[in-house]
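When the chains are written out, they are named A, B, C, D and E in that same order, and each has its own residue count from 1.
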């Protein structure tokens, strides 16, 4: 912006400001990551690493065993993402909308409490929910029983049909605080005068939300969606903590993260295969990149950010 | 019929009493301007009328009905905000139509009313633009249009022009005056710009510290202020107050003389030295330090060649000077 | 409360919904904490009952505290978390400032480059990272963890902070320049204090995954003297997987410090978020 | 100058035993060598160890998983060749098979312990209901039926949530009786038998009947859940392995007994899975090879065997030296070595090298069969297809 | 000696040329005001002088030295910003002292200079407060104090008063004028308020679209504008431009008459109807629609009773009317 010195001079301060971050980031993150992604073009034959081009990708998509697992994980991952989009974000928005009510009492208490699951580790969350949902310990069946809905209980985590949905909901439970906070911030940034103008016109309560607030926070919702997308397609820990690396039952909770982990690092008797593992990682990276680009160029560019 | 009657309105925020016993009547078709220093409660009073705040006590009567418990939308009012408060996501047309849609007006009525407002405000070229694509003045017109389509009994304006630059402010001021003539609706207008107050108002309400200081037509207030506050508040440059005046005065009182009523004359009763000259082209202000060490402003029409440091003698007509007593109330000269 | 504007029913409904969700949010934590204070039998018999004189037991905590040096683990976790946050905030803010303040060729590219890391889990680079740490002799030191977490946290930090930095008044920085402040002083003395809420936001968002991480401590610093609290309690969870007293106590012990840290930062967090960063 | 040997292990359960018993015993005998036992969680052990070995930061001593996982480490040059270690002489060829190259020419880990599969039961419950230890399939199911009828106990504690329980404590527990132990296992390796053969499908057929005897919601029951159910006295029978003994002794307040997998018909030879489970080897790149060898030799000694076996009843030493066991339940288990033929888990050697991985598939199939989602025949067919897709002798 | 000489200054942001060949001289002790519509490049030019932006080409010469490559702190300038730009973490004293500390001035010098500025600006009661505890006017004074202590050859002000309210603005304007007289330093002042421009400037520079339209003393520009833009830009209400004037005129040109030069006279050359009256107390503006359908403003001194709708006749002295040709340049009447 301002260069107090003459043009040709190197602005050392820019370099000084950027250098530490760029160095640490490049050395400890980018270099290892690309070093790893590079492995996807190699394979190990007779204890030596040979370059095989895109062979690993052909295996991943062409070989029935691999591709079945891959598509299963991808489909599960989309479901995982869909549930977050359909449950987490609407709940987050709803909570934020309630919280942003100007005269609400105890708002800061609610806000903090609802954010607490987000700060817990996956180990704790996975373990706690396994306990609560466990048929053995009986908290969930007991509670359903108390409201006369015992018949609705099923050992959800153990049933192929429910396990993924259940875990997605646990994840929703854990992370709902993030969209809530971001939307809350967005709602607060809507000027009071606009809402009052609406009030004078009779647009209050729900219609104020639908007709005024929601359109105005759409850009934030867009950003939250893309953050959710990236986080979901990178997810791994919760499934791993709750269901193990085999993402049971019968791979019904397998998502790209667990699939990649299992392949890359091996599991029990299965030997780690860094080459296939990084192949999957590369594909994950590509999927996320495509998603982000679609968002940036397809949606973000069309969405207006309102200056208040 | 009266458009608005306020009776014993009090308003406190917690401990702080912001409005103290406000009584006020706005006649049908009247243009009333609230003026007063910043923080005196103008906006709060307007918001109480709109129903955006509840009065702590007192009644608000709009068009004959007590509306204390009526939500803003059903008070028959429309409000124009300082920041315009346009809906950023809607087009000009959408901004104007939203309130009507909310009232479930038939589409034909909506279209017709919006069209009329658009015509009236000369916005037809912009109906499909978003507020962000409009200039400040256009936004202001849209905000007014949004008020017009509601066809209210009472318009409320809260400093609607303060975000516009000088030239635009003057034009829009005139437009609002014309609008008032056309619609012949009652309007309440908050401002702290006294030019706006003087030029627009049928009736000015001067507020201070949550209390009404004086109510009257602009020229009434200008020519016959009830107290020193009102006298000093209206008029630019503001009135000179002399403690040591060449006239008989109430003890500890002050003599108020408007700058344009001071004349440079030989052997004037006030002597002094020019300390600063402001030449505005159309008129010239002299700042004079009197021999009694008081500062007075003299406003001369046209261009004047008096320079800084010159000794001058000033005089005024006694009948257009005001005397104020030690409680700052008008007193006989 | 305003009569014309507020509807009591709505207020009750709002509180109802919030209380319900708050209960849902806190329930699992509640279950874990209360049961950690009960005897093994009581845990199973009445999982939802509060501990009473009959069922109260600290046996789990005794087991856990007897094993391993929880105080040391806690200290390690603290050092790693605080250290990483310090570098994330410092380096991140510096880079964000450079990107937000100066126009130079490659500004955009550099921004994109730094954002790339948001999209790939750093975990897949584990082997290369470990190799590097071995070569530099940093394995089994807390520095290894601090470096990794710093790298991991930088992309988001730069992203958020640069948004904030753009909002800092140009006039202020220019006033500093005219007063002869160097660019560094402008950054440290003028800009940093003004983006403090944003820094708190970044701190909270980074603190959680760092404190809770299991993977890198396991690989880069598994030695006893540099073990983190999460790793320490994970070993317990493995070791006492059938001893629920111990497991629940270990979990409770792992939850409480983060909660405490969160409470410390939460006010700043709200201020940071609500001052409009991530609009 | 003391050298410190760091031991990598997944046995975090054993942390206290190492710290309290094994390490002091060794250090007392070998001044100048210190030991540091650094276990990680079992599920992460392979990933962590591989990463550390690749990067060169792994400890000096490495606890070896049996068969391929360790073989891969050896082939990658991470495990040292210790064929010539004196202590190696104390082990039988079978004991060594878990940690030698396919041609048995090179040995890379010292065998440390094996575990024996079987069923532990609640003696009080059996007495209460008047049930005897079942010897045959028929008696086994009769007993289960009786318990189920009575209703005060869950007949059998097992869950399918963690998957491996079903395969390890189910399929590989009862299977050797059907495929006749080593005979069948070697035939499968050689390609002479197929997983679709009756010997390999029959155990699934048994498992398919188990579902009815498991507790409510067993689908979501985890391994620790099963352990708790049993030790809290809520289940009567617990299909398991000897490794539980030390843990259960502290938890159960009833008397426990054990029986080996029931045979098909009375008088049949019984086969047990006596699985070589833990070995211990030396990081090829250790800076302290001499100290490491000293330690490994000590692991091969009868002294270690005695300490270890009694510290961890249920982990049976593999050395040929006789060991006196004090725990009655452990004695029961080890006594089966005399009655029955021993074998190891069918999937561990060679067969889980490729993709799809037979071990993982077996977990999956066992669960599916128990839940009734797949017929035993289909399971066999699926596994066979998977195996033959990469394993040449089966093609 | 000249305080500042700008020679052929160009400045582009990317493709956009914001300043086009600016040449300008500021004499020692002169008060120069830049005016012009928003976006015309006033601030950019000021920033180029300060060294906060680099000119794309051209030289900046301050006090005889070419300073193109000299950082802002060593150009001998001080700048006062529209937003005050006070250091929020420092007290008033700290704000003023920082620049001097940075220059490594001895403590005694710093104290002395700060003390002097504090006295001059009447800030002694506030020296230990933070900016956040000050009112707008006080903040502005601190910002000026921060400039004063640097003892610069050249003061740069960028719309320093635009965040103040009307009354405060007038007082501070006068203070700045006095400051200029006291310090007799050269000052460059950016504003878009023409009252400020007229009253403060020794010399006004009117900018449009990055180009200088005219340079001269306020009265020169007021009485002798070079073109229609300058003529319309200065003066309030602004000059009337008649296309159909009762005088000989350049083809497609316009005749400019200042509102105060129109008189209500019987048989005036311009006839029309009053459409709006603005009564300001001290003067009265009539908006008149002429019979040629042109709108003109008439400014009358004092209060006037003419009402809306009245027919009026207007006239003016030919020698104070301006003719502009079709290129909007001055032409002979």
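FYI, a residue touches a chain if its C-beta (ideal position, glycine included) is under 8 Å from a C-beta of that chain, and two chains touch if they have at least 3 such contacts.
Per UniProt, the chains are A = Sugar ABC transporter permease; B, E = ABC transporter ATP-binding protein; C = Carbohydrate ABC transporter permease.
Keep in mind it's a predicted model, so treat the numbers as computed, not measured.
*Asks:* By the touch rule set out at the top, what is the minimum number of steps from chain C to chain E?
*Replies:* Minimum step count, chain C to chain E: 1.
*Asks:* Tell me which chains count as touching both chain A and chain E.
*Replies:* A chain counts here if it touches both chain A and chain E, which gives B, C.
*Asks:* Through how few touching steps can chain B be joined to chain D?
*Replies:* Step count on the best path from chain B to chain D: 2.
*Asks:* Out of every possible chain pairing, name the one holding the most C-beta contact pairs.
*Replies:* After tallying contacts for each pair, the winner is A-C.
*Asks:* Which chain lies the greatest distance away from chain E when centres are computed from Cα atoms alone?
*Replies:* Result for the farthest chain: D.
*Asks:* Suppose each chain is reduced to the average of its Cα coordinates; what separation in Å results between chain B and chain C?
*Replies:* For chain B versus chain C, the centre distance works out to 53 Å.
*Asks:* Quick one: chain A and chain B, Cα centre-to-centre, how many Å?
*Replies:* Distance between chain centres: 55 Å.
*Asks:* Round to the nearest whole Å and give the separation of the Cα centres of chain B and chain E.
*Replies:* Centre-to-centre distance between chain B and chain E: 26 Å.
*Asks:* Distance from the CA centroid of chain A to that of chain D, rounded to the nearest Å?
*Replies:* 38
*Asks:* Hey, what residues on chain D touch two or more of the other chains?
*Replies:* Touching at least two other chains: 51, 228.
*Asks:* If I count partner chains per residue in chain B, which residues reach a count of at least 2?
*Replies:* 51-52, 71-72
*Asks:* Residues of chain A that touch two or more other chains: which are they?
*Replies:* In chain A, residues 2, 4, 137, 199, 204, 261, 264 touch at least two other chains, as defined above.
*Asks:* Would you pull the chain D residues touching chain A in the complex into a rising list?
*Replies:* Interface residues on chain D, with respect to chain A: 43, 46-47, 50-51, 65, 67-69, 72, 75-76, 159-164, 215-222, 225, 228-229, 347-348, 352-353, 355-357, 359-360, 363-364, 367-368, 371, 373, 386, 389.
*Asks:* Once bound in the complex, which stretches of chain E touch chain B?
*Replies:* These residues of chain E touch chain B: 38, 165-167, 170, 174, 177-178, 192-195, 198-199, 218-219, 222-223, 234-238, 258-260, 276, 278-283, 285, 287, 299, 301-303.
*Asks:* Along chain B, where are the residues that touch chain A in the complex?
*Replies:* 50-52, 71-74, 77-79, 81-83, 85-90, 98-99, 102-103, 130, 132, 146, 150
*Asks:* In the complex formed with chain D, which residues of chain C make contact?
*Replies:* Against chain D, chain C makes touches at 40-41, 44, 67, 126-127, 130-131, 133-134, 139-140, 218-219, 222-224, 234-235, 237-239, 241-244.
*Asks:* Give every residue of chain C touching chain A within the complex, in rising order.
*Replies:* Within the complex, chain C touches chain A at residues 1-2, 5-7, 10-11, 14-15, 17-18, 21-22, 24-29, 31-32, 44, 47-48, 87, 90-92, 94-95, 97-99, 101-104, 110, 113-114, 116-129, 132, 147-148, 150-152, 154-155, 158, 170, 174, 177, 182-184, 187, 204, 208, 211-214, 230, 233-234, 237, 247, 251, 254-255, 258-259, 262-263, 266, 269-270, 273-274, 276-279.
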